[in-house]
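Note sheet for the following structure.
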Amino acid sequence: MTIFKPIDEKKASSRVKKLFKRIKKERKINFIPNFWKTIANDPDTLERTWESLNQIMKKGALDPLTKELIYIAVSMTNSCEYCIRSHSASAKKKGMTDKMLKELIAVVGMANETNRLVESYQVKVDEFLK
Amino acid sequence: MTIFKPIDEKKASSRVKKLFKRIKKERKINFIPNFWKTIANDPDTLERTWESLNQIMKKGALDPLTKELIYIAVSMTNSCEYCIRSHSASAKKKGMTDKMLKELIAVVGMANETNRLVESYQVKVDEFLK
Amino acid sequence: MTIFKPIDEKKASSRVKKLFKRIKKERKINFIPNFWKTIANDPDTLERTWESLNQIMKKGALDPLTKELIYIAVSMTNSCEYCIRSHSASAKKKGMTDKMLKELIAVVGMANETNRLVESYQVKVDEFLK
Amino acid sequence: MTIFKPIDEKKASSRVKKLFKRIKKERKINFIPNFWKTIANDPDTLERTWESLNQIMKKGALDPLTKELIYIAVSMTNSCEYCIRSHSASAKKKGMTDKMLKELIAVVGMANETNRLVESYQVKVDEFLK
Amino acid sequence: MTIFKPIDEKKASSRVKKLFKRIKKERKINFIPNFWKTIANDPDTLERTWESLNQIMKKGALDPLTKELIYIAVSMTNSCEYCIRSHSASAKKKGMTDKMLKELIAVVGMANETNRLVESYQVKVDEFLK
Amino acid sequence: MTIFKPIDEKKASSRVKKLFKRIKKERKINFIPNFWKTIANDPDTLERTWESLNQIMKKGALDPLTKELIYIAVSMTNSCEYCIRSHSASAKKKGMTDKMLKELIAVVGMANETNRLVESYQVKVDEFLK
């Protein structure tokens, strides 16, 4: 009841249809994943999110694969299953191997542990880090 | 009162002294940062954390710099100031430029936004992601 | 095995029965939602939570709908599916439209992004904010 | 060392200077708060964040004050001090009284409690909420 | 500006004064800690929180010290410095030794790591746990 | 697709087989729960996690049951369903009653509320707590 349903490509408004077309073209896919179909309930959010993601995830000083790994690390820390799955799929397309994903998980687990050690022991910032 | 003070290198037990020596040698530093000095209050935690970190952060399918970037991304998501600062310092030693850090932050910010869009809209996992 | 089952209205103790009666009367509903039926395993928690919620969510300087929106925003940030659904249902009863919910989600997503930008860039508190 | 310093208005690049000018004009302020000065280290992030915030926080189905309250609720849940302070200041400008802020805090506290009750008791989603 | 100041015991309203008196008597202290003085800005929240805490933290199937340890574990996971400090002080009064606190921290760190391993590997719930 | 499947005991490598044998022997169980079978995809993580958990959860200044309660409290705060279920099962084996679990949940809920009250009101650390 309270959930927004994914917007069907055929029943979408012309603004959303155009955005779906762009997504399929630029991502080289022939269907729209549920994330985009669901946030399409708010066309402003759909457009803004698509444009922001494109600007942020494109090749820069960091390559697109490294950016995907960072994305996955955040999603794991936030326990977002959909995000972990969809960005792992994107990362695999860009060259992530199973071994890389396992190492990524080990780092994410360890960072979450030491983050809490730091807070629990209330470690002071060293002078050389200021 | 309730906080554990950092353990001074000179006043440390012989077990802790040995661990501090290893840390300085393997990290090629001539002092012990507050994180290690503070968790040294629990020598078991000091030893286990040092060994786990070394195993996890060493070169593997992912290079050490990429691992540091992942570490920073988790620490930013958890708002751990000490962890952000100390791992940014480590990452810079391993080649992270300011431009890379800015792009990392942009990805971390965006991932935290879309993680919540997914949860808020309760996006269903696509068949192709199962 | 480890989960507490919802307490059936008919099998409840007389203390819980009385509380269920109050909930149905004050909420103007003719059944007890799972949240109340499940925390009824601990009658102290059931009573305290019911009374605290009533005190907090009633009309005050903020109207009940605005309070529901705030509740939903917290639940989205914590990724609590049940809480998002049940408080969205309550909010709709109090006048929340789909358009309002979409705008709420956009704010929640953006706030989660900028919260991390602030922590990542370690923005200093301005003098005028102290 | 690892932190980006706020960008001084006078020393900013012409792109950043223009953005600062827009911020001051549209916000009707005569100085740039630290958030904008600090993320100005990444002009893309500065521009994107400014435009996204403007689009999201403007009057719509929800009025700007309600949006600020939602923003504060998220920031409190994420423990972002700067965000709590700066958006409380914005909310006050838009009419938030002390009494409203206290009620907001009570809701945020309660929602964080019941969110965990739901997860701890693993409350099942009711049929009527699906 | 946006922060509520702690309420001075002498300048408090008579309702708040009475609550402060109860707190001092029942806690056997001769001053009011900042937590109570600050939330006293909202006397409803002060009274409700005091009564809820008393009900929840008193001896039951779990002894008061164990309850304090659980409180600290949550506060460490949420990185709430004030909460860690004040409940560590309470726990010490009730018999917590430094060795116990160190072991508590080790468990908190480890649980935060394995929680993320579970989410990252998306471990399925075993039949015997259902 | 993107998920690692649990490693079947019979098809495991000899290193993993040995670790599974140890787990069954030391835990006195005759099957391997999904957590261990899934992280076995990364034998280094399997071994490190098993050894760290054994070191941390064994009887010390805190008894093993208290450590399980702390573990559950963290898992509830992080909303990790698998972790809540599996450690509740372990805690029951070690003597946790239903009444203890209900009291634990009440403390976890309350701590999550007051943690946010502290952050929202930005309560200053008292002198006696420094």
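By written order: A, B, C, D, E and F. Residues from 1 in each chain.
By definition in this document, a contact is a pair of C-beta atoms (placed from the backbone, for glycine too) under 8 Å apart; a residue touches a chain by one contact, two chains touch by 3 or more.
This structure is a prediction, so every number in the text was calculated from the model and none was measured.
Between chain C and chain E, which partner chains are common?
Of all the chains present, those in contact with both chain C and chain E are A, B, D, F.
Enter the minimum step count from chain A to chain F; a value of 1 means the two chains touch.
Contact-graph shortest path, chain A to chain F, evaluates to 1.
Relative to chain B, which chain's C-alpha centre is the most remote?
Comparing chain centres, C lies farthest from chain B.
CA centre of chain A versus CA centre of chain D: separation in Å?
21
What's the distance between the Cα centroids of chain A and chain C, rounded to whole Å?
That gives a centre separation of 27 Å.
Please output the residue numbers of chain B that touch at least 2 other chains, ranges allowed.
Only 1-4, 41, 44-45, 52, 77-81, 84-85, 89, 102-103, 105-106, 108-110, 112-115, 117, 119, 121-122, 128-130 qualify.
Answer with line, ring, star, complete or other to describe the graph linking chains that touch.
Graph shape, chains as nodes and touching pairs as edges: complete.
Under the stated contact criterion, what part of chain A meets chain C in this complex?
It is residues 1-4, 41-42, 44-45, 78-80 of chain A that touch chain C.
Which part of chain C faces chain D closely enough to touch in the complex?
Result: residues 3-4, 6, 33-35, 38-39, 41, 45, 49, 52-53, 56-57, 60-62, 66-67, 69-71, 73-75, 77-78, 80-83, 85-86, 89, 97, 99-100, 102-104, 106-108, 110-115, 117-119, 121-126, 128-130 of chain C touch chain D.
Which of the residues in chain D end up touching chain A in this complex?
Listed in rising order, the residues of chain D that touch chain A are 1-2, 44, 48, 52, 55, 128-130.
Of all residues in chain D, which touch chain F in the complex?
76-77, 79, 81, 84-85, 105, 108-110, 112-117, 119-122
Would you tell me which residues of chain A are touching chain F in their complex?
It is residues 79, 84-85, 88-89, 92, 98, 102-103, 105-106, 109 of chain A that touch chain F.
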